[in-house]
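Heads up, the thing below is written out as structure tokens.
So that you can tell them apart, the chains are marked A, B, C, D, E and F in the order they are listed, and the count of residues begins at 1 in each.
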Amino acid sequence: MPRDTKMSKVGSNVTLINVMKLPGLNTLGISLARIDYAPLGENPPHTHPRATEILTVLEGTLYVGFVTSNTDNKLFSKVLNKGDVFVFPQGLIHFQFNPNSYKPAVAIAALSSQNPGAITIANAVFGSKPMISDDVLAKAFQVEKNTVDWLQAQFWADNHN
Amino acid sequence: MPRDTKMSKVGSNVTLINVMKLPGLNTLGISLARIDYAPLGENPPHTHPRATEILTVLEGTLYVGFVTSNTDNKLFSKVLNKGDVFVFPQGLIHFQFNPNSYKPAVAIAALSSQNPGAITIANAVFGSKPMISDDVLAKAFQVEKNTVDWLQAQFWADNHN
Amino acid sequence: MPRDTKMSKVGSNVTLINVMKLPGLNTLGISLARIDYAPLGENPPHTHPRATEILTVLEGTLYVGFVTSNTDNKLFSKVLNKGDVFVFPQGLIHFQFNPNSYKPAVAIAALSSQNPGAITIANAVFGSKPMISDDVLAKAFQVEKNTVDWLQAQFWADNHN
Amino acid sequence: MPRDTKMSKVGSNVTLINVMKLPGLNTLGISLARIDYAPLGENPPHTHPRATEILTVLEGTLYVGFVTSNTDNKLFSKVLNKGDVFVFPQGLIHFQFNPNSYKPAVAIAALSSQNPGAITIANAVFGSKPMISDDVLAKAFQVEKNTVDWLQAQFWADNHN
Amino acid sequence: MPRDTKMSKVGSNVTLINVMKLPGLNTLGISLARIDYAPLGENPPHTHPRATEILTVLEGTLYVGFVTSNTDNKLFSKVLNKGDVFVFPQGLIHFQFNPNSYKPAVAIAALSSQNPGAITIANAVFGSKPMISDDVLAKAFQVEKNTVDWLQAQFWADNHN
Amino acid sequence: MPRDTKMSKVGSNVTLINVMKLPGLNTLGISLARIDYAPLGENPPHTHPRATEILTVLEGTLYVGFVTSNTDNKLFSKVLNKGDVFVFPQGLIHFQFNPNSYKPAVAIAALSSQNPGAITIANAVFGSKPMISDDVLAKAFQVEKNTVDWLQAQFWADNHN
């Protein structure tokens, strides 16, 4: 059954699938997530500090990609249909986007750690608690400080309400 | 001797120190970098996919910090002076900023891998080659698409000229 | 599209899904397989020497299980339906069986190694080339030597024709 | 002094040698076993999920072997005399058999883990508690269900009395 | 500020720098030490069982080296000045010596483990509690037993007063 | 058959047992050595940078021990007879000595690495090529420089003739 994606501003819902818990299995080295995408919904740019990910599309279409590290910053991207598979290497920034305006999409992600971690870039950078100094972010993103302040207000509210 | 920080828009210069190369040492598990900061210069938000980092301030003052992963996004930050030490855990987004308008700063970073990798967030997100679709980034950062386009133009030029 | 299961005596077809090959990805630490089961087909008892496995049922119903190591030999088993998930810990003997006489089943298996290995118990024990001495197997399985000889003839033919 | 092998249906006795326990040694990465074999006794086909094994013959003669994984199922075997050494790679099915009708044999096994685990194939497959469905095993071993039932009755009694 | 080196017979003072303690950081994989050397002081031959080390000279001059394992026993050594860097591979015997009769020296050492361990050779061999039999040490170092006894008396007093 | 111990000044002979070489076994994670001891012979103080060791006495009697790291330098030692077992933790200095004036001894050592390495302390410290400065060693061992020079002459000749 599809998960609700209406509560999410970016239009996606990540469910860590509830695997059977067994005594002694605390070092499995693997985990699994189901991701539901609303029409035009996305799983925004993020990283997993401790896992490589393999994504399989179960329903619909997804535009996916990841960016390599300094100083290449090369984007590998692809449009995936049902049954297609894609790999996101450990620690690299990656995303999935449902380009269809009418139909939802569903994918299964397998991760090479029982504790992969996840860092959503926009939330960590602009929505941390307390906030990162806007001097730091204005220079890093080469925008005005009041642009940073506006972004921080928005993401801080998202994360901490 | 201080390294040149004038070529950098963000006002910093990272030098991987030239360690003695010996046959058979290709699996050291450690590396070292020297970082020079101009007045008000910074090492902007970035991650190392494969290393924890210990930073020691050799000269000047630094405001440093890192943000924890979802869904806490908690910022740990501190102002460091000469001789102070700080730890950035593997894979988390972190930064250093020189808050002094007149004096430069210098730090030594030890990293727990001979191949730590580095992803500068703004460059990877907005400066990838080819660019990430602005639909994806507008929704992720909750800004207008023309704001994304402007940022992409700027960072793309930085990375690929 | 369903894979052909008619060529298999046990009624299953394991396909290592063709993930995108990229330079430098040779240490992914993860792999993926699609398994098709005929009605009453099975993936017979086997082990993966180097991987834990997470199985997700995409279509149909599966009776699955694994047995713990000496001296407990405890069976953990379950009947799974579409969307259900099950974990097989590294190195333990496990199986999947489609109990439905009319409908096929399909599952996706994620494995915590890019090179998990697989040992099908009956084939390795009775179908090795050259054969294991029937003295050894008769005592191990507590059957007559001519029973062992008959099993070896059968599996040897399967494996090596 | 020789260990008793009369209580064992397969004619062997595996003793985990009692290593000196020291505070802080709980992550040794190695363990040791002494194995006594009656005349015509054997250590039946089994695997260690977490260890490679090196076997040294201390007394007598042993026919030993292991089988490689799918789809080769190649048997590497050898007759070993006093002082001879053999390697069983991690996770592969292996055995030792004393082919002498009159003399016992003794061996020392070093294992590359402080917790190697052991799965005796016949016991795990036919003697699990509860039993694996005989539908599964009949198809896997390509025998009649009543043959499976008879084997299960026998091994279940061995394991669980 | 310089650390006191007067209490040390060998003229050095190793300070494990007090890194910020954070919940969950107990598996950092890295640590840091500051070492102060008196004029003609030294950090005598020692090993780290669980870490490679990178040394950076902050002040003064150091003659440093390490010896490879059997049967080469090759010495790699170098005179380092301020800013120079040197690598000591995991488990190998190494040392640093300040050859200047008037000026102290200071270095920072980064180690590839949060628990690197340290074994000072002379103290472990001659100053253990209880003492190693002088038969063993006389033969190992090819000296008279009363020479061993004299060394043991001296180091035992150092270690255990 | 016993190995020759007459060529050795310390009265021992370490033989890396010739394990069966197989394609693909280059990451075994384990190795094995046979050690022969002359009457009053010894395997002098040494470390293995990359392995824990389990020793089993096959013939005779051995006085064995290891010393813990700084700053305890605690000696754990024991007299072992035929069949006794002892553990030497990774990286710690350890030795074996045959206290019997008439009978030889034999032991088997299992090591938790296919490439354990070995550093004989006296040879590495006093017999390196080129030699370590006698200033360094005189201060480290708190002896006169001419004592160091005499030891170096002796061990250098042993190692490099």
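Assume a contact is a pair of C-beta atoms (placed from the backbone, for glycine too) under 8 Å apart; a residue touches a chain by one contact, two chains touch by 3 or more.
This structure is a prediction, so every number in the text was calculated from the model and none was measured.
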{"item": "Neighbouring chains common to subunit A and subunit E, by label", "value": "B"}
{"item": "Interchain contact steps from subunit A to subunit D (minimum; 1 if touching)", "value": "2"}
{"item": "Chain whose Cα centroid lies at the greatest distance from that of subunit B", "value": "D"}
{"item": "Same-residue or different-residue interface between subunit C and subunit D, half as cut-off", "value": "same"}
{"item": "Whole-Å gap separating subunit D and subunit E, where each centre is the average of the chain's CA atoms", "value": "47"}
{"item": "Centroid spacing, where centroids are CA-atom means, of subunit A and subunit B in whole angstrom", "value": "21"}
{"item": "Junction residues of subunit D - those touching two or more other chains", "value": "90"}
{"item": "Chains in cyclic order, anchored at subunit C, direction fixed by subunit D", "value": "C, D, F, E, B, A"}
{"item": "Subunit E - residues contacting subunit F, complex", "value": "9-11, 40, 42, 44-50, 63, 65, 67, 69-75, 77, 90-93, 95, 97, 99, 117-133, 135-137, 139-143, 151, 154-155, 159"}
{"item": "Subunit D residues within the subunit F interface of the complex", "value": "17-20, 22, 24-25, 28-32, 52-54, 56, 58, 76, 78, 83, 85-87, 89-90, 108, 110-112"}
